[in-house]
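Some structures are shown below for you to check.
First subunit A sits with subunit B, and in the next complex the same chain sits with subunit C.
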Partner chain A sequence: MKLLKRAGARRVAVGAVVASVVAGTVAFAPVSAAESNTEGMQCDTDAHSNFSLTAQAGYVSTPDGNSIYMWSYGNSTRGFQLPGPTLCVTSGDTVTVVLHNSLPEPTSILFPGQSGVTADGNAAQPQFDTSGSTLTSLVQPAAPNNGSVTYRFTAGSPGSYLYSSGTDVEKQKQMGLYGALVVRPAGKTNQVNDRIDSAFTAGKEYLFLLSEVDPDVHLAVERNLPINWSAYTARYFMINGRSMPDTLAPNNASWLPGQPYGAMVHIKPYDKVTNPLPATIRYLNAGTVNYPFHPHGSDERVIDRDGHPLVGPSGQDLSFLKYDLDVGPGQTLDTLMDWRSEYNATSNPIPTQIPTITDQLLVGTDTWFSESGYLGTKNPTPTFITSNNECGEYYHIAHSHALQQATNYGATFGGMMTLFRIDPPTGCPTK
Partner chain B sequence: MTKNPLARGLSRRVFLAGGAGLVGAAAVGTRLLPALAAPAVTAAVPTPTGPNSVTVHLAGTDGWVSMPDAPADAPFFPDSLAPAPFDTYCFGFRNVTGMTPSQVAAERGKAQISAPMMFFDEEDDIFITLTNLGLAQRPDLFDGHTLHWHGFVNAIPLFDGVPELSLAVPIGRDFTYYYRPHDAGTYMYHCHFEDVEHVQMGMTGMVFVRPKQNQRRRGVITASPAFAAGAPTPWGGTVATTIPAGKKYAYNDYDGSTRYDREFAFMVTELWSAAHYRDAHIQVNDWTDFDPSFWLLNGRAYPDTVAPNSVAAGPANNQNVFPVGALPVIGADPAAAANRLQYQPISSLINCKVGDTVLLRLANLGYQNHSFTVDNIDLTVIAKDASLLKGRDGTANYITTNTVDLGPGESRDVLFTAPSVPGKYLLYDRKYSYLNNGGGGGYGGMVTEIRVNASLADQTEPNH
Partner chain C sequence: MVTSTVPARSGSAFSSLHMPQRPRWFKVLAVVLVTLLLAGSGVLARDALARSSRAAATTVPQSAALEQQLGVRFSRVAVVADGGLITLSYVVLDSDKATRFQSDVAHPPTLSSEARKLSTSRVSLMKQGHTLRAGQTYYLVYENTRAAIRPGERVTIVDGSLTLAHVPVL
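What follows is the complex of A and B.
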């Protein structure tokens, strides 16, 4: 039905800006202590794997114009961001994370899947009150109002992990205290794990940290009011702290200052000579329910679950292909994906005709469609339609198939959704 | 460490000829068999009348369906606008293949749930024309419709059915989608126009692809050397024992492990009465309030799930869609199940005979996770999301279990062996809060029966 439409004007503006950014015409100020790539996973790294995070409050914006009060981890030298920084380390390394707490209540960080985790030199362990019977935190916290705690651990098996608060977990995780820890295999470049069959194309590494927001909870925390958990209903659904179409904006987009991570996948078709390796996508669930994430146009091969490769006892390959990655709360999946071109105007033509534009329904005031079935061919669109298509590249969506999660507070083509862009083999001429 | 024995990009033809099957240390990636079927020489352009072509004509429209007895939930259920014997507004597809234009137009307002079930052979040239008949109850709306073949690998946007990324079919128009599926398995299809609404409203159905290993195409059986003893498998080994032609397999397994006698497909959805009511009554719905009232298998809630198919099977072995042709409009007697279910034609009753191997094709286009169980019969999951559970080195990873989980947008292929004595067994969702109708007492929702008979004629069509 047509009554409840998306926030049209803003969406068009974002789409147009995305197109121009993809064309490489916008520059970004570099972010200190982190990679600054416009697309793909953006790591915080350190030669000694020492990181300093500050738990702090800030605001994020949603595509329908809302502004949400959040708590999150920021790199202490940069400030608030949602989600927390993606910490990239190498398996076996000693990792140190100093947590500073600027929040008005204790907070902490859990590092599941890592070994020998300590807090201020003591083994990480659950905390109880003085009676010894009431659990107060899943791990040693930093005191409120500028307390701190130092965690240290040995980075675990190569793969993806979700780090998140271990204190007042239902509230603090909903408020945004989570981030991704990526453990890379030692001595292997551009591999997801230690197996050669986990190799991916350099630079084609993506991370989707999936989460949800009930704005009523955030309003209650902001106003220091009680939270009514029995009325909890998520209204916003995010990838890397952004909702569609903001997921398409580049990393470090100036208009999303607290949400630095984009989620658009940008690849070329498989080619045995020029593009033989897949891309990799890491899925992490920081929410309360399963997120059944459905990429259109391609299966993805699940090769790791929760930071462990899918192998049998003597190294048998137990990976499998999926067209829907059903990620449970706290779970991570690492996948490989590619896309293979089949149609060619001379050797394998598309055996149907595209109807004239007046016989099509183009939705909204803009389109991603090239008005051609062939990769790399772009035909005209009507003047009243804004084309986001640059050179005949393909776009596929990828989204939660619990479809109420693919909305912004109920408005379709939003929420936990992004685009996979497939360029012609030779790239776009303007690039 | 186990390496993929196959180089990517190797044409299937070369591969099947036993050519460069053992290449390359750096052979890695997602798919084992390349999906490229394009031969080196220019092939004839497929046409709808070609020898391997299948043409299907679907129409998208709205209509009315019936849920079993359930407590009233005023004003949402039963809907006061519903003509007898119905109670719930819906959108849906109809199979209008072979109809004249005026017959097609007469299907406006006669949507069905679940959508027509479609089944094809690998490498068929499939032309599916979708006609948008508009919404009889909502002439104020100008909603498009599309066809999204969920899970189709290497789809191009033109045929993927996402209106924002390609195009949608306006009211009064039609558009032809083309598919040549290379990968056997259980898929689903749905409209992707304002998806959260059109999917919930009922535009969801099953589509599945039979493997080349059946060595049966369009009903014609032809033994293939690719499945003879000694032929190479995709995993670097060889076929141990010739796989006989003309049997039924779920996948190209090269070892006969997915053979079955009967197949039953289940489109798993939920129905939220309030949303359906609001669509009929020109009201806006907040989809994040999603709170379903009925839990459906093939568009029906138990006990309707075990009622027979509303129409008979078509001619055996050469149909690609069920049901075939116009559904009979029987009458308005609200007491007759055949009348109530005339727009929910697909039964979920599993009829088999002792010792049969039964294939369940489960696909979820609801918005909730489900977990299916059968008391006293083991279930073996052989595939997820239309991919056989074998690793890139051929290691079988089938899962024998009593609980099959199924998230939104996922599919499972499950085999079970019918017990050796006749009897009745239940297939149901172990989430017991989904086993009621509209919050009423007694059993309802996602339940169906497995009836094991002492003898039964061979199955000629799915869900029969």
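What follows is the complex of A and C.
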């Protein structure tokens, strides 16, 4: 008995030590980062394509110092984020999304373009009130205040899709209940769709989820006041839940804790040997109007619309080049983008006199122009002009060409705007 | 059946074992509870320490002289664009002074690294050209000349004779 007691005591003592070690380890282990890439699309993935989202309230910050009450789907283990997590799955997979609802009203998720969508085991379908005459939701919702619903579907055609609320849609989408679903072709991780010509450079995958905010609507919801929709005026315009210049900040920037996704494209020029494949940029519109998104300096090739490749009946390639990507509400476009030097200083010089910086109309006391038309070449500028160009790299602005959408509450050079950075083939020596 | 026991050693760690014996599951449960309790309080302590540390590391110092002269309060220095650019954010305190500050494109503030002898005064686009509203935040974008400014370090903002030292870089 004594031995048993001593053994028991040892177990308790050992247990206490283990408890202390475990507690210490848990307490002082680094906080895990959900994702590690500083730029480019960040995916939420799961080996079995099982996801748990929580509809919840939080706040986002805007570059002009405002703080806005939002609703969003957050990964249930990470908390609030705008937009909702980018869910990456493979075409044909069975995908399960459990929606938990911590909001004070019912909410739901629509998964357009997916096959056999069910909600709690029943076919996903519109819901009506008990009289059967009033539509209450486009799909079965999760009850307010900790209700839940489980959606299951077969991932559809490879491409990009918007997932968003199907309940009180005008209000809940405006409040932020949306995210991106990226369906990859089976066995072809670095292709946008099943066509070989949709291949892109690994790691050069970008997603621009475009949206808008009328802060008065959000204030009304926060204060539980009626919303005056007749006065609706969007003031903030966002890419991935951020406005310029926050769009340039890295993924998971510490000063934007609820807005984890950056929106800057960073590439090198096409080279048939060292960089033969383009980047891909996925555009999604979670707003109420068209966003005519315009990257300066290079067209993009539109290859998918709404998650379907642009092909003819016999598989003909119907993709097309576009310099103004007019993304409609609820619509998605998948594009391929590369930057090609048309001219070369030795083998194919620009067949005209290149204007000097002082010949250009838009010049002030500073410029981004390298005083050369060739990527990677940096010529001296006049002493009274400051060059912002470090190694001949290019920064191309990309923005909504509805210019009121390129503002932060009316202040220009904000809103739905970012930069495309193109480095010389050898990179930027100082970086 | 052995009914006698050896007297406990006075003051030993085993004295407590002479309390009425509890079942094994009770001890296991106690260990689990203690573990969870310690872990929980550890997590709370860690988060509090992390918050405190982050707050200290990201607090931007203030200068009454600078604010009086320029009409702005600098609020953030951040490295963006994959290290290629810097954003300098500021809150407008006095609209007239801030508009003059914003419009003086020939004399932008210089950001000097406190970790190396490099600086940048290369303000690029985003001079917003508005009458600046008091209380609102605006920004300038800088070229990060020769990677002068790096996250986690500190810079000194210099505007003429005015300086604001030890500004954290995010």
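Here are some notes:
One rule holds for everything that comes next: the second predicted complex is superposed on the first by the 343 of 431 C-alpha atoms of A that agree within 3 Å, B and C clash if a C-alpha of one lies under 4 Å from a C-alpha of the other, contacts with A are read in each partner's own complex, and residues count from 1 in each chain.
Quick note on the criterion: a contact is a pair of C-beta atoms (placed from the backbone, for glycine too) under 8 Å apart; a residue touches a chain by one contact, two chains touch by 3 or more.
Note that the structure is predicted; figures quoted are calculated from it, not measured.
In the superposed model, A:Met264 lies in contact with subunit C only, and not with subunit B.
Of the two partner chains, subunit C is the only one that A:Ser254 touches; subunit B does not reach it.
In the superposed model, A:Thr412 lies in contact with both subunit B and subunit C. Subunit A is touched at more residues by one of its partners, and among subunit B and subunit C that partner is B. By the touch criterion defined above, A:His396 lies against subunit B but remains apart from subunit C after alignment on the C-alpha atoms of chain A. Once the two complexes are overlaid on the shared chain, A:Asn122 sits clear of subunit B and of subunit C alike. Once the two complexes are laid over each other on the shared chain, residue contacts for A:Met337 go to subunit B alone; subunit C is not touched. In the superposition on chain A, contact is made by A:Cys428 with subunit C only, not with subunit B. Overlap of the subunit B and subunit C interfaces on subunit A comprises residues 1-2, 364, 368, 395, 397, 410, 412-413, 419. Only residues 1-4, 7-9, 25-31, 34-38, 42-43, 45-47, 125, 127, 138, 141-144, 148, 150-160, 162-170, 173, 175-178, 193-197, 199-200, 279, 284-290, 365, 367-369, 384-387, 389, 391-393, 395, 397, 405, 407-410 of subunit B touch subunit A when the two sit together in their complex.
Residues of subunit A touching subunit C in their complex: 1-2, 5-6, 8-9, 11-13, 15-16, 18-20, 22-24, 26-28, 31, 38-39, 63-65, 245, 248-250, 253-255, 264, 266, 364-366, 368, 386-390, 393, 395, 397, 410-414, 419, 421, 428, 430-431. By the touch rule above, subunit A contacts subunit B in their complex via residues 1-4, 194-199, 233-235, 270-272, 276-278, 290, 292, 294, 296-301, 310-312, 315-324, 326, 336-344, 346-352, 354-355, 359-364, 367-370, 372-373, 375, 394-397, 400-407, 409-410, 412-413, 419. Interface residues of subunit C, counted against subunit A in their complex, comprise 2, 5-6, 13-14, 17, 21, 24, 27-28, 30-31, 34-35, 38-39, 41-43, 45-46, 50, 54, 58, 75-76, 78, 80-85, 87, 89, 91, 105-106, 121-126, 128-130, 135-139, 141, 143-147, 170.
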